[in-house]
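These are the structures in question, set out in turn.
Look at the two complexes coming up: subunit A is in both, with subunit B in one and subunit C in the other.
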Partner chain A sequence: MSFSEILNIGLMQGFAGLSLFSVLLLMGLGLAIIFGQMGVINMAHGEFMTIGAYTIYLFSQLTETYAPALAQAYFPFAIAAAFVFAFIVGWLVEWAFIRHLYQRPLDTLLATWGLSLGMQQIFRSSFGAKEVSATLPDWLMGSWAPKDGLDIPINGLFVMALTLIVTGGVLLALYKSRWGLRVRATVSNRVMANAIGINTTRTDRVTFAIGCGVAGVAGAAFTTIGSTGPTSGSLYIVDAFLVVTFGGAASLWGTVVSAFGIAQTQSVAEFFLSGSNAKVLTLLLIVSILMLRPQGLFAAKIRR
Partner chain B sequence: MKANGLIRTVYGNYWSVAILALILLVLFPLSMDIFRLNLVGKYLTYGFVAIGLVMLWGYAGVLSLGQGVFFGLGGYAMAMFLKLEASDPVSTAIQSTPGIPDFMDWNQLTALPWWWQPFHSLPFALFAVIAVPSLLALIISFAMFKRRVGGVYFAIITQAVALILSVLIIGQQGFTGGVNGITDLKTLLGWDIRSDSARYVLYFANAALLLGAIVLCRLIQQSKLGTLLLAMRDKEDRVRFSGYDVAMFKVFTFCLAAALSAIGGAMFALQVGFMSPSFVGIVPSIEMVIFAAIGGRMSLVGAIYGTLLVNFGKTYFSESFPDLWLFLMAALFIGVVMAFPNGLAGLYESHVKPWLAARRSKATKAAARVAPTAPTHRPTAPASPAAAAGELGLAGKISSQIA
Partner chain C sequence: MSKNQHCSFKRRSFMIGAAALPLMLAMPLAAHAAPPATAAVNTTKLAVTDTEVTVGQLHSATGTMAISETGSIQAEQLAIDQINALGGVLGRKIKVIKEDGASDWPTFAEKSKKLLVNDRVAAVFGCWTSASRKAVLPIFEKENGMLYYPTFYEGLEQSKNVIYTGQEATQQILYGLDWAAKEKKAKTYFLIGSDYIWPRTSNKIARKHIENVIKGKVVGEEYYPLGQTNFNSLINKIKVAKPDAIYAIVVGGSNVAFYKQLKAAGITGDKQFLLTISVTEDEMLGIGGENTVGFYAAMKYFQSLDNPNNKKFVEAFKAKYGKNAVIGDVTQAAYLGPWLWKASVEKAGSFDIDKVAAASGGIEFKDAPEGYVKIHPNHHLWSKTRIGQMQSDGQFKVVTESPGLIEPNPFPKGYQ
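Then we have the complex of A and B:
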């Protein structure tokens, strides 16, 4: 094997790791807001991603039937719509269930699990039990080959770019906007935040809804990689929770770092072992590290 | 007078167990054919997990979403023994390597792996049914609780463990039978477990074990340990400051729940004749939590009724209205958590019991008036009104504090 071949394999392997990293980070971001900032265990997080994915499917079907001319352009709008839909559902869910359960985290867990079962059945009844995939615009297909023997899939690049935008957006919003200020104030001291005039109830609702909206965008991005079924969401949920917990629940940067670590570990392990063994090895590593360092990589510097 | 008081205590604490025993040991066998009874027996094996969760979640306040792991490990330990007995060289003569389980042969294994070897012996298998899950529970819980990790984080870690084990079992097809699991279990020491008479025997053995487990847990609840568990759930710091090692109480309860689940798994393998990873993963583990939640997370007997009810409902609905079942399950989860956190037993405590008491006499009416004012949205000890005058008074008072 020549040097350039090894270099190509290394590059593609690195890219596979990076692409897994963006997937994990996108999954974890919404949860980092909901679980990390608010402390709510949302087991229906995966289903909010599925809402986003089905939104893309719906849009692709609609453009195909009514406006085939727009087939190349619908995708960005569909992603925005995925955010809006997931945001609205998240708002309603917070209003109907979550706000009654803030004092009982374990009960939230069970209630949202029940919610996820219900949502799965709704997906199954309205879109069918079979997996569907959206018709993607041509510019998302194929791969980019900067030189011989090196193939970089475009959809991977797209997911990566989207992850970059969403992560940047969330970080900016959380640390530079009024909303972010209110969220951080509520998280670090709810009573005091209330006393200085922050409407914590409203902040909670908007925060939860934004987290769900980000999950919707994540689900939308995943349609470029794989197909969507009613139970796709449940495949991601444990991974997403581990990414957030491993990073240190209250730290957004921790989520970024842990997603990177987990993705690289898994993709390197996958190079040497079979897929399921690599998964087991990665999960075992995460669980053992969490047992030794339960607060995660980046501990919160606030009083609980 | 003292003997009278003792009788009243036993009556007050165990009459619900006696009624359950009557239903399980007399009513069900008389009213059902062997097929239905075997089905009930299968549900009752989940009951072991449910009472383990009552101790762990209701009493110690630790929610585990990985009880399927222990159910599965117990079941697999039993199934491995039964599978080895079913695959003697004579009946597996058509395989390319006779004498090893069929799925190993299909996966081109030519010899039994070393860790399968000890499962030739029944005593070892029975030992492993209890020991392996308890050991795993000990490792997980010791590492976590000693570092004071609890609540939500513990739930997530147990869930990750459930995911790891199910991925591992499915991935290692040659050693574990993969997705199909270990099937075609035939005999236990030459005794055909698939015959009707064997199914009756196994049903009664299972029900007796379950009732025994309930009595054991009830004894623990009434001991000082039970009171401490409740106190720990409600005001952990105070118990710690009183000089108790809080973590070790939690470790003990987690191991107890794991061992109970494992017994359930082993009985499952015996009664149903197979074991598969579909009982190990995250979904079954969380489903088992709802059994305990429906029946009442504070009531051992209630958890059994909850298990039976949910499983009968599941069988009925998924046969007749498969689309509705998940909606109903969703409604159960949300409804129980939002409206009836104490499940069926809680409803009984807050509605039926005062009504009964009011009918019985004027003297008990005064006590009944206390019961509805107790905060119904908080877990309360199931026996608290009955034992208000008895030994459980302390436990009752503690548990009505805010968790």
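Then we have the complex of A and C:
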């Protein structure tokens, strides 16, 4: 094998690691907001991602039927719509469901798990049990080949860019906006936040809905690399919790760092070991680190 | 069944008929050729009356496997409707009790027990994954039931109580590999699978065949967990190994991710030869034809098969389930189940499980959409294997087929 081939593989493998990093980060981000900031264990996170995925499918069907000329352009709008749909459903779920359970975290786990099963059956009844596939615009398909033997997946680049935008947006909102201020105040001391006039009920609802919206965006983006079916969301839920828990539940930066660490470990291990062994190795590492640091990589500096 | 019961059944059905359709009163029951007496065709207390025979259908209508099993449920129902329209089995209409295995293997076991013990069904059409079949097998053997199992599977199993209407592994694998070696001049192979029994057993057979018969070389063998959604590292390994052929047995949600990422990494049908035994028209719905154009699959059935039986079958299926319905290999195999059972019952002249099982070997079905099939004494089917090339519309173009029917060989010597 020539030097340039090794270089190409090295570059592509480096990109594979970065691409997995952005996938993990994007899927973990919504959960980091909901689980990290609010302490709600949302087992239905994957299904909110599925809402996003089906939104893309719906839009692709609609454009195909009514406006074939827009086939190349619908995707960004569909992603925005995915956020809106998931946001609305999240809002309703918080109102109908979650707000009654804030004092009982373990019950939330059970309730949201039930919710996830229910949502899966709704998807199945409305879209059919079989998987569907959205027609993606041509510019999202295939690879970018700057030179011979080097193929950079375009969908990977796209997910990476989207992750960058969404993460930046969430961080900015959390640390620079009034909403972020209210969220952080509520997280660090709910009673006091309430006392100084922050409407914590409303803050909770918006926060939960935004978390769900971000999950919707993630699900929409993943139609470029994965499947769209009633149970597609369940493929992501374990990894999402892994990323958030490992990073330290209350820290968004922790989520970023943990996604990076897990992605690099896994993609390097996958290259040198077999797929299942790589997973075992990654999980072993995470478990041992969590045994030493049960609070995760980044613990929030809050007096409890 | 005692004589008394026999009479009361007769009277009840007679009274129902009388209440619903007074005209029927005037028609003596023996106007048509009388079906054989129930006491004669049912000596083991199965749910068989003078007018009806009850069968069970046991698939996952809910849960993760609903994706795959829906097609089988539909095909079996279609076959049963068609048989009923032709007058049923031994003059009795088929009544179906549908049970949902809910993608959960203990549930499959429980429901199969319910069907066999409580409902006394004469046959069960069902199961999809090997795990569900393994869960119900001891129950079918203990309670003496009859299962028609539609999925292509890893082999290494044979039971008096099961008819395997899909292909066992060697039927599906060996012809495809021989074809790859001969027509595609493939010398080096990269084997990929999801990490469970079917892909592992199948790849084991494939490896033996590649190394011992084709005299080729396996340059990589990789397994990924069932829910894996990221294949970029694997794809880089394929690029390092530069195999002549990729042999892929990836299933479930992973399947879609695998092919989308192959395409995104520039591995496409025009540059790389890929043969799979796990992608049917059903999977193509989720993957999207544009991602797999030019890759090949080895199956016994493709929707595009050009023969009169299949034309009729596809037409009937679409008439019942919509014009966008697609039919994959397993769906067609599921369709065979009720027909093979009917033929076996008629040959045996009885619904009794032992007699049906004994009569099964040698049963032919000439109207099968896949063409002629025959049940081997080992309860698998003789069938042809075809190679289909994936098209952008999600259909397959059949490029070749085995010259004759391939003998099922669930315990292949030299491959274990």
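Note that the second predicted complex is superposed on the first by the 303 of 304 C-alpha atoms of A that agree within 3 Å, B and C clash if a C-alpha of one lies under 4 Å from a C-alpha of the other, contacts with A are read in each partner's own complex, and residues count from 1 in each chain.
Here is the rule we go by: a contact is a pair of C-beta atoms (placed from the backbone, for glycine too) under 8 Å apart; a residue touches a chain by one contact, two chains touch by 3 or more.
Since the structure is predicted, the reported quantities are computational estimates derived from the model, not experimental observations.
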Practice item. With the two complexes superposed on chain A, say which partner A:Leu235 touches: subunit B (first), subunit C (second), both, or neither. Key: second
Exercise for review: Could you tell me if A:Val84 is touching subunit B, subunit C, both of them or neither one (first, second, both, neither)?
Suggested key: neither
Review point. Looking at the overlay, what does A:Leu7 touch: subunit B (first), subunit C (second), both, or neither?
Key: neither
Practice item. Based on the superposed arrangement, let me know which partner A:Met141 touches: subunit B (first), subunit C (second), both, or neither? Key: second
Exercise for review: Name the contact category of A:Ser274: first (subunit B only), second (subunit C only), both, or neither.
Suggested key: both
Exercise for review: Return first, second, both or neither, reflecting whether A:Gln121 touches subunit B, subunit C, both chains, or no partner chain.
Suggested key: both
Check your understanding: Which of the two partners, first being subunit B and second being subunit C, lies in contact with A:Leu110: first, second, both, or neither?
Key -> first
Review point. Of subunit B and subunit C, which one touches more of subunit A's residues?
Key: C
Practice item. Jot down the residues of subunit A that show up as touching in both complexes, subunit B in one and subunit C in the other. Key: 121, 124, 234, 238, 274-276, 279
Study note, to complete from the structure: Per the touch rule, the subunit B residues reaching subunit A in their complex are 57, 63, 65, 140, 143-144, 147, 149, 151-153, 155-157, 159-161, 163-164, 167-168, 170-171, 282-283, 286, 289-290, 293, 323, 326-327, 329-334, 336-338, 341
Point to revise | Interface residues, subunit A side, partner subunit B - complex | key: 39, 41, 97, 100-101, 105-111, 113-115, 117-118, 120-121, 124-125, 234, 238, 241-242, 245, 274-277, 279-280, 283-284, 286-287, 290-292, 294
Point to revise | Residue ranges of subunit C in contact with subunit A within the complex | key: 61-64, 66-67, 69-71, 195, 222-225, 227-230, 232-237, 239-240, 253, 255-257, 260-261, 263-266, 282-283, 285-288, 290-291
Check your understanding: Tell me, which parts of subunit A touch subunit C in their complex?
Key -> 1, 9, 12-13, 15-16, 19-20, 23, 121, 124, 128-136, 141-143, 145, 151, 153-156, 222, 224-232, 234-236, 238, 266-268, 270-271, 274-276, 278-279
